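In order of appearance the chains are A, B, C and D, and numbering begins at 1 in each one.
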Amino acid sequence: MQGHVWSFTVTSAQTWTVGVTGATGYAGGEVCRLLAGHPDLRLAGVHANASAGRRLGELQPHLLPFADLEVRPSAPEDLAGYDVVVLALPHGESAAIAAQLPPDTLVIDCGADHRLEDPAAWARWYGSEHAGAWPYGLPELPGRREELAGARRIAVPGCYPTAVSLALAPALAAGLAGPDVVVVAASGTSGAGKAAKPHLLGSEVMGSAGAYGVGGVHRHTPEMVQNLSRAAGRDVTVSFTPTLVPMSRGILATCTAPLADGADPAIDTAAVRAVYEKAYGDEPFVHLLPEGQWPTTAQVLGANTVVLQVAVDPDARRLVVVSAVDNLVKGTAGAAVQCANLALGLPETTGLPVVGVAP
Amino acid sequence: MQGHVWSFTVTSAQTWTVGVTGATGYAGGEVCRLLAGHPDLRLAGVHANASAGRRLGELQPHLLPFADLEVRPSAPEDLAGYDVVVLALPHGESAAIAAQLPPDTLVIDCGADHRLEDPAAWARWYGSEHAGAWPYGLPELPGRREELAGARRIAVPGCYPTAVSLALAPALAAGLAGPDVVVVAASGTSGAGKAAKPHLLGSEVMGSAGAYGVGGVHRHTPEMVQNLSRAAGRDVTVSFTPTLVPMSRGILATCTAPLADGADPAIDTAAVRAVYEKAYGDEPFVHLLPEGQWPTTAQVLGANTVVLQVAVDPDARRLVVVSAVDNLVKGTAGAAVQCANLALGLPETTGLPVVGVAP
Amino acid sequence: MQGHVWSFTVTSAQTWTVGVTGATGYAGGEVCRLLAGHPDLRLAGVHANASAGRRLGELQPHLLPFADLEVRPSAPEDLAGYDVVVLALPHGESAAIAAQLPPDTLVIDCGADHRLEDPAAWARWYGSEHAGAWPYGLPELPGRREELAGARRIAVPGCYPTAVSLALAPALAAGLAGPDVVVVAASGTSGAGKAAKPHLLGSEVMGSAGAYGVGGVHRHTPEMVQNLSRAAGRDVTVSFTPTLVPMSRGILATCTAPLADGADPAIDTAAVRAVYEKAYGDEPFVHLLPEGQWPTTAQVLGANTVVLQVAVDPDARRLVVVSAVDNLVKGTAGAAVQCANLALGLPETTGLPVVGVAP
Amino acid sequence: MQGHVWSFTVTSAQTWTVGVTGATGYAGGEVCRLLAGHPDLRLAGVHANASAGRRLGELQPHLLPFADLEVRPSAPEDLAGYDVVVLALPHGESAAIAAQLPPDTLVIDCGADHRLEDPAAWARWYGSEHAGAWPYGLPELPGRREELAGARRIAVPGCYPTAVSLALAPALAAGLAGPDVVVVAASGTSGAGKAAKPHLLGSEVMGSAGAYGVGGVHRHTPEMVQNLSRAAGRDVTVSFTPTLVPMSRGILATCTAPLADGADPAIDTAAVRAVYEKAYGDEPFVHLLPEGQWPTTAQVLGANTVVLQVAVDPDARRLVVVSAVDNLVKGTAGAAVQCANLALGLPETTGLPVVGVAP
């Protein structure tokens, strides 16, 4: 097997070694999948306390090139010696690990610990002491790409905040929309993780759509508020309702905000499109679809791509922006690899698919 | 076959005969399915111009008790002689047919022609002359049940307006919420009908969620505005975004409205629950779920049931109500049967399942 | 709520009370769903040791009419006083319970304990002492209906054996096919039960088909061998491979057997159809589809129906019969109700839907 | 856009230009998707008569890097000038086109025209004159890889024959199994193509499994017979039943054959595993799973991988081999790219993912 892996991974003068924690879960497993196609990053070790000692292939049968890797624990000493460490752990664990890794080791946290900049927000939503913010891994937001170049500690955004922030930031930054944001997002079940819970059984979710975390209680809400308030230059509120729909992957976010009061001339779809074309025209992973095409999650399945479309509702006086992402790729693992590319000085798109597996 | 059908349909002294147009489509087919279990209504004929002359079993293989019925055309003369005629036709066709049927024939229109009360709204959204409003078949809305008792012309509501109107009417009527309504609804694909279109192929929709009719252009919008404005006693606006998710049936509607300004004491979830318990406590088909349970479409699959849950978001200052219905049952065919029961003086729940086929 | 239940359950002079064990699982929950629509059987109590003391609605949210029933333990003393007791328990538990219930209590076992007639077969496949065979609840097999009339102990067949036995028994009984039977069946995930296991998560099963229990190790195999050998009047072998496909319910069984040697005239599809029409022509729940139509599980979703189609492959010299059932209805809970009807002297079809919830 | 494409496609000294016909369909679209990640093959033109003149992005919205390519007709003159032409057309069209292309143009036919070696078999199954066999694009079968090296006309195998031939060829070649082969395969709906037909609507296929082409009438049957007879060195028969299950992609093939008579010592699973390890141990795309793991289609979604597992059923005296492939990748488009790599002298695995997109 390994021989065949080499044939398409060693195509670079330099290769960085990567260790992945939580490699037996969905986010960590997806990092491994992407590394299998990355020319400059080499998966050198997989870690997960609960499964330590088992072959990765027993737990992630699709990761054939890495099937014989032994899963090791994820204590700091187990993670020493990698050029890059990707943490896909429950919140609250990454700070302690990062503190014991050398400062020149690139540590990329797929968890929530270092996303929020306001310690009070962290304390309210997570009930513990804030571990501090790290450079925020959404390079398509103004000013973020610069913070990531050369960084050695990076916080990967949440999957919902990625879809929502990219959908509304340009309109809010341009003053086209007001602060009363309402978002409803449909997510595939992989966002809920790999822990076996009855309500996540296939029998329960197939043929069924349901809501959860309703009423502003989902922990991704303050991250959306942070990003959109920063974009708007004022406080925004976000009424966020996540829903589970019968698919494994993908987020479809319907994001609305009231049209800015008394805009003159009246804001129309063309005006909004112009703002988004300017914001994302040079972005390799964010695409405003042609007029008349609306995002589907199938378009981005397995890809590090976000697709967007905008509309103005003149009766309801609201802007509606719909975005689609793969929660495990651009929503998590792909963002981690994109950030690693930036931090290591590689071309940002290295090893990242842009074409979804459709149909 | 027929013998076995008799064994569970003839259990009543009187039986009304029913003719169904559009019986080869999803809505008409569902009316037939429900009639197979109705003790007092007997499916006596099926009609569909395009398939006239074929056996129903060729087109609706699940309707085994009716497999040998010959599909007949749906001209008015073909529909004479039934006690009840259910029209499941494209909009614009029902008025002409109804005009040629006797006034004492119960005509139930599953289409849009007679839902809107405002001719100007009809003209704007459908671009033709208004055929006039009929008694509106949503008995759970204040005043509607009385209009339906004994009626001989009934307009069945749209599937989305059913889910949305029942979700928000009580709060608006009680003055708990303001008029800036934002609704995002996830629908199964059967709502898009049985006509073969590439974007509705299984290969396209499985594993994929997408939006359509974004920006306030969906024709169910004015029906929601009509119902919610009537409930609120003032004009409301509805920002409505429908989405397609990978399931055949079901609508999950996430309905939000701003909390009423300056309410004192502050509106909380308990206060909202009290209003909904009062509104629906005696309704056989509308259920406010216990606290902590959120609607899923699986709960109501194949049933004439609506399940609701409410939450107040104190940060976003919005009320969120989530409702789930089967678009083909309470959203269309079940509503038609429920209305027929009311119009004919039968117990309202006759022949209508309340338990969904889950898992 | 209860009031509305009454409105469609009390339509009979006599009513039998029913207690259901395992009511919090899929099979037991489906029994409850069917009882909600049964005019003569009344769900009087629900039992499940692990959830004793909780409201049924917490565990089976779709069972709205029964939401307030308290789940009680399932020890024999808890099951006293019912006219009918339905056992949906793991194998090995039903004999001890039945032994302590009065002989005139109708006990219907949805488990495996009493299906096999050969103690040696039981010992080999289950590794324990045989509890003895009960009347076998598949009335469509020759001689079985008579055994069920008036019975007070009934063994409900397994879901796969139901689909397979009905598919091949007539051809084997008529000497059209030989004993080297090969069956591959696709099942929805509800057949695997409600216990949360990682490989049954929605994320794992959606968009994926897989095999399990390959090589003749599935415990339903000896039950198929028993039924088909009895039909053939000789020993048959069954190569059985079950597969899981991405749906909650339904079994599609592809059943093949070699054409009988030296049949003269050659066996063709018409000859086979004639045999099946004779075998099932009067059966309310088993339907040979018209030529050219092939079974789908959607046709029978939620219904107590089996649909069949046959074909002869002249090149491979094999008969192929495809059958579709809902594993939770005709495959389990519907069969239990059908058997209860027979045992109690009610019309066999009472309270059992024959029309599937399609699309 | 193109700029971003360059950033990961121009990594090779030499690049071959590729033209794809049927690029608006599923097979052709998948070829385009794979070319987006191929370092040495460059998609230079897309062709489809019915959609000529439209932008590819209108018809294949996921193919973002190629969205602006204009779809051109697929007459021979339109296909001149490419180094490689991939034909994804209905059968009967490729021979005429290939005849007018230069002999040194690599022509890869994803259709059926050149798969069968026996003109009589072609005539029987397709009712037209045989266009002649081309080198058969399944390099993992004995002798085939050699025929493909340097070839300029290649026939890509059918998706079902790929899954079935790789599953049973080693056992038949080793004399472990007899000729009475029975295969039942579950396929995702993309195998049925992109033409809109009612029975392929999402509403029809979601939550439903069904059989089609039963009784040995599927046109992939003679291709299986050809491959397996060649492997066995004797005539084999194949009873083949294809089924449609609710997923977009993937084939799960359950393949059985009787154990060879009087083998001594008795054939067991270990003996079979040894044969398969020898047959596929060096193959980059065919993997015998470790004992206890069974194939799922999710493991190979979007990848050019086949996963296999074997079992011996001592009671039924049959060998069972289960294989999983992505019908659009190893089943069609990936095989086309793999064959192009071989024909052009590139490393066989170039540009082909081996890790499926799971979950």
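Basically, a contact is a pair of C-beta atoms (placed from the backbone, for glycine too) under 8 Å apart; a residue touches a chain by one contact, two chains touch by 3 or more.
Everything numeric here is computed off the predicted structure, so don't read it as measured data.
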Touching subunit A and subunit C alike: which chains? B, D
Hey, which chain ends up farthest from subunit D, C-alpha centres compared? B
Would you kindly tell me how far, in whole Å, the mean C-alpha position of subunit D lies from that of subunit B? 45
Let me have the rounded angstrom distance from the C-alpha centre of subunit A over to the C-alpha centre of subunit D, please. 34
Could you work out how far the Cα centre of subunit A sits from that of subunit B, in whole Å? 38
Which residues belonging to subunit C are in contact with no fewer than two other chains? 26, 190, 194, 201, 203-204, 206-207, 246-249, 296, 298, 301, 358-359
Across the complex, what residues on subunit D touch subunit B? 26, 188-190, 192, 194, 196-198, 200-207, 246-248
For subunit C, which residues are in contact with subunit D within the complex? 180-182, 184, 186, 201, 203-204, 206-212, 214-216, 221, 237-241, 243, 245-250, 252, 254, 256, 258, 269, 294-298, 301, 309, 311-318, 320, 322, 324, 358-359
Touching residues (chain side subunit B, partner subunit C) in the complex: 1, 3-5, 7-8, 11, 26, 29, 33, 36-37, 57-58, 60-65, 67, 190, 194, 206-207, 248-249, 284, 287, 289-290, 293, 296, 298-303, 305, 307, 347, 349-351, 353-359
